[in-house]
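These are the structures in question, set out in turn.
What follows is a pair of complexes built around subunit A, which joins subunit B in one and subunit C in the other.
The block that comes next holds the complex of A and B.
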C-alpha cells in the first residue's frame, strides 16, 4: 500500500497515561474503501488508538495523517473523521431526526437546511429508521439506537469512520444482524471503516484485514484467514481463542513439552517456545489405543454445546485445561466418561510451533 | 408464601405513606388554611375577632408601604436570581464539567459549602465590617488609591442586601447545576465535537439544555429562600429595605395577626406561582 492510496496513516504514535504506555510507537495505515478490524484484549490500547486518530487525545510523539495531511494538532471538530461510540453517545434530549441532523446543523461546514433535510431522510431510509424520525432516542430499541449512531456519523459523509466496539452493547442475535448490515452499509457508502473489537470472531468476520494489538503494539496484520491459520506469535494465537498452547523447549528442531518430544517441521520465530494446536485439530482416543504421532494423556472434565459444534474440556496431569472442538457436521459427538483418562492425538504437521530458533 | 403474607406485602406500601400524610396535614395544610382564615378576621388596635371582613386585604393593596414591599421583594428576588445564576453557572460548569477528577469536583463542592458551617446570622453580619464606610473593601480601595472617598452606598442600602443574599444563596444554584453537568456522558460531548461542532455550539445545543433541570432546581431553591427572607434585609439594610418577610415579622411583633396573615397568603401564592412557572420549563419527573 502506498501513501497515495492511504486514507489515513499514523506514524510511530506513542501515548502514555501516568507512565504506562497505552500506545508504543504504533504505525498503521489503511487504504480507501477498506474494512480494517482491530483486535486486542482490553487494555491493549485499541480505544486509545481510535481516540488519537479522532483527535480526542494528543499523542506524546508521532504524527497522524489523514488524506495526506498532517492532522496531529488539528482539533477533533475540524478533522471530518466519523466516530461511533460503544455506548452510542446519542444526544438524549433530541429526537432521532435531530440527532442525525446535528452535524449538518452545527458543524464546521455549513449545510443548507434543504440539503440537511434531504440527506437526513436519505440516511434514515438507508439504515431502516423510517417512521422513527420524531421519536426520542430513549423510546427506541438498542438496535435502532445503533442505527441512529451510525446514521449520525455517516450522514456527514466522512472518508474514514472509527467504530469503538460498536456491537458490544447489543445482544448476540442483534449483533449478528448488525454485522451484516454494517458491512453492507460500508460497501454502499465506499468509506474506510476502522472497527475496534475485543471479539476474535467479530474481527475475523468483519475485516478485509485484521490488525492485532497487544500492550500498545501491533503484533500482526493480515487477511483474516492468514491471521487465523498462521498467527504470528503465541500472543496472537492466544487472542484468537482457537488454540491450545503448550509451553516447552525447542532445541535442534525438536519441541519438548508435556506430550514428550515432537519434531517441528516449521518454526515461527517468537521470543518464547510455544506449541500451538487448534481446538478442532485434536482427536480423542481411548487410553489403550496406540498413537502413531504425538499423544497427551488427559482427564475428561466436561463439555459445552455450542450449536454447530461441541467443546470438550480435558485436564492434563499438570493441571492445564485442553479444549477439543468437535464439529457436528462431521457426525454425532462421542461421549466421554467424566474423570476418565483419554489420549489426545494430532497430526504433527497441523501444529504451529513458535520458538527462538525460528526464522 | 401464604396468602396472608402476600396480602400484607400489597398492603405494606399504602400504610407507609400515613406518617407523611399526617405530617403534611399537621404542618402544612392546617397552618395554610389557618393563615387564609385569619387573614379575613377583624383586627382592632388591641384586639382580634373572628368576624369575617376584607378590611386587612383592602388595607394591604391601598397602602404604599405594603405594595411597595411586594415590589421590592419581587425586584430583589429577580436581581438575586440573576446574580446567583450569572456567578453560579460558570462555577458549576467548572466544577461539574471541566474538572475531570470526581474527587476534586466533590472537594470543590464541599469548599462551596464550608461557609455554611458558621451560623446564618454570622454570615450575614460578617458583611458589615466588609462593606461599611470604614470596612475592608473601602480601606483596600483607599489604600490602592482607586478611590479618594469611601463608597457609602455599599452598606445599609438595597445593594448590600443584594450582595449579601447573592453570596449566601449562590451555592444553592451551583449545587444542582454542577450535579446535572456531572451526569452528562463525556462521550456525548465528544460525539458532538466529532460531528464538527465547536465549543460554543456544543454549549448551547448540548450542555446547556442538558443542565436546564439543574438550573430550574437551583432557581426554585434560591427563589423560595429569597422570597421568604427577612434577616439579611434586616441586618444589612438598616431597615431601609422592607421585604414581605420583614412586614410579617413587624406585624406579628405588634400582634397584628390579620395583616401578617394577608401578607403570608400573598407571599405563599406568589411562591406557588413562581415554582409552577419554573416547573413548566422542564419536566423534572423525566430528569430525576
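The block that comes next holds the complex of A and C.
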C-alpha cells in the first residue's frame, strides 16, 4: 500500500501511563475504503491506539496523519474522525432522532435544517430504525442502540470510523447479525473502518486485514486467512485461540517436546521454541495403536459440544490440557472413556514450529 | 426473632427523633396563633387568632408592639442568597470541572477551597471586617463584604456536590460529541450540563439556604443597621422583648422553605428520569 491511498498513518507513536508503555513505537496505516480489525488481549494498547487516532489522547512521541495532514496536535472535534464506543455513549437526554442529528445540529460545519432532516431520515432508514425516531434511547433494545451509535457517527460522513469493541455489549445472537450489518453498511458508505476487538473470531470474520497487537506493539498484520494459517509468533498463535502450544527445544531442525523428537521441516523465527498444532489437526487413537508420526499420550477429561463441532479435552502427563476439535460435518464424534489414556497423533507437516533457529 | 425486638425499638427511636426535630417548630406554630396584642409568647393560648400574622403584614391597628423590622432585611437576605447561590454554583461547577483532570497542586487547591467551610464563621466574619476597616479601608455592606464571606462559605459545598456528581460522570458521551465535530464548549452546554443538572440544582439549594440563614459571618461583615440581613434583624428584636409575631414569621419562612423544596423536588424528579437513562446506559457497558 502506498502513502497516496492511505487514509491515515501513525508514525512510531508511543504513549505511556505512569511508566507503563501502552503503545511502543507503533506504526500503522490503512487505505481508503478498507476494513482493518485490530486484535489484542486486554491491556495490549488497542483502545489507547484508537483514542490517540481520535484525538482523545495526545501521544508522548510520534505523529498521526489523516488524509495526508499531520493531526497530532489537532483537537478531537476538528479531526472529522468518527468513533463508536463500546458502551455506545448515546446522549441519554435526547431522542433517537436528536442523537443522530446532534453532530449536524451542533457542529462547526453549518448544515441547513432541511439537509439535517433529510440526512437523518436517510440514515435512520438505512440502519433500520424507521419508526423509532422519537423514542428515548432508553426505550430501545441493545441492538437498536448500537445502530443509533453507528448512524450518529456515519451521518457525519467521516472518511474514517474507529470502533472500540462495538459488539462487546451485545448478546451472542445479535453480535452475529450486527457483524454482517456492519460490513454491509461500511461497503455501502465506502468508509475506512478500524475495528478493535478482543475476539479472535470477530477479527478474522470482519477485517479485510487483521492487525495483532500485544503489549503495545504490532506483532503481525495480514489477511485473516494468512494470520490464521501462518501466525507469525507463538503469541499470535496463542491469541488466535486455535492452537495447542508445546514448549520444547529446537536443535538442528529437530524439535524435542513432551511428545518426543520430531523433525521440523520449516521453522518460523521466534524468540522461543514452541511447537503449535491446530485443535482440528489432532487425531485420537487408542493407546494400543502404532503411530507412524509424532504421538502424545494423554488422559481424556471431558468434552464440550459447540454446535458444529465437539471439543475434547485431554491432559498430558505433565498436567497440560490439550484440546482436540472434531467437526461434526466429518461424521459423528467418537466417544471416549473419562480417565482413560489415549494416543494423540498428527501429521508433522501440519504443525507450525517456532524457534530461534528459524528464518 | 431479632427483628421482633429491634424493629419496635427502632420505630420508637424514629418517632422520638422526629418529635425532637419538629417539636420546637410545632410549639412555635401553635403559639403563633396566640391572641394579640396582649397575649404573650407562652401557654396557655388565651384565644386563638391570626392577629400576629396580620401584624406582620401591617394589617392591624397600631399598638404598643412595633411591627417586626424585617421587610427590608428579608429583601436583602433574599437578594444576597440569590447572588451567593448563582456565584457559588457557577464557581462550584467550574472548579469541579477543573478537578476532573489531575493538575499540579490539585491536592493543595482542594484543601484551599474546602477550608472555606471549615473555618469558624466568627473568624471569617471578624477577619473580613478587620481587613475591610484597616487594610482596604472600605465600608462594609451586605452586598460587598458579607457577600464575599457568604461565597467563601457556600462555594465549598457547591464544589463538593459537583465533584461527587462529576466523579460518576461517564466522559465517553462528551468524547462522542467531540468526535461528531462539536466543540468542547458546545458539548458542555448541550451534553454535560443537561446531564449534571440534578447536581447543579442541589448545589444551588445548598448555597441558597446556607446563605439565607447565615449569621456569624453577616454579623461582622455586613456593616450597620441599614445593612442588616434577616437573621440579624430577627436577632435584634430578641434583645428587647419576644412577642408571638416572631413565631408567626418563623412559620411563614418555614412555609417558604417548603415551597422552595417542593420546586426543587419537582425539578429533581424531572431530571432524575434523565439520570436513570444514563444509569441504564452505564449498566450495559
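Quick notes on this structure:
Assume the second predicted complex is superposed on the first by the 359 of 359 C-alpha atoms of A that agree within 3 Å, B and C clash if a C-alpha of one lies under 4 Å from a C-alpha of the other, contacts with A are read in each partner's own complex, and residues count from 1 in each chain.
One rule holds for everything that comes next: a contact is a pair of C-beta atoms (placed from the backbone, for glycine too) under 8 Å apart; a residue touches a chain by one contact, two chains touch by 3 or more.
Being a predicted model, the structure only gives us computed values, none of them experimental.
Under the clash rule set out above, the superposition-derived model of subunit A with subunit B and subunit C contains a clash between the two partners. When the two structures are aligned on the shared chain, A:156 is found in touch with subunit B and with subunit C.
With both structures placed on the common chain, the touch criterion links A:142 to subunit C but leaves subunit B unconnected. Looking at the shared chain after the overlay, A:109 reaches both subunit B and subunit C. In the superposed model, A:298 makes contact with neither subunit B nor subunit C. Look at A:87: by the touch rule set out above, it reaches both subunit B and subunit C. In the superposition on chain A, A:185 makes contact with neither subunit B nor subunit C. Judged by the number of subunit A residues each one touches, C leads among subunit B and subunit C. Of the two partner chains, neither subunit B nor subunit C is touched by A:23. Shared-chain residue A:194: touches no atom of subunit B or subunit C.
On subunit A, the surface touched by subunit B in one complex and the surface touched by subunit C in the other have residues 54-56, 75-83, 85, 87, 89-93, 102-103, 106-109, 152-153, 156 in common. The touching residues of subunit A, when paired with subunit C in their complex, are 54-56, 75-83, 85-93, 102-103, 106-109, 136-138, 142, 145, 149, 152-153, 156, 169. Residues of subunit C touching subunit A in their complex: 170, 172-173, 175-184, 186-187, 190-191, 194-195, 274, 276-278, 280-282, 284-285.
Contacts from subunit B toward subunit A in the complex involve residues 185, 187-188, 190-198, 201-202, 205-206, 209-210.
If you check the complex, the residues on subunit A that touch subunit B are 54-56, 75-83, 85, 87, 89-93, 102-103, 106-109, 152-153, 156.
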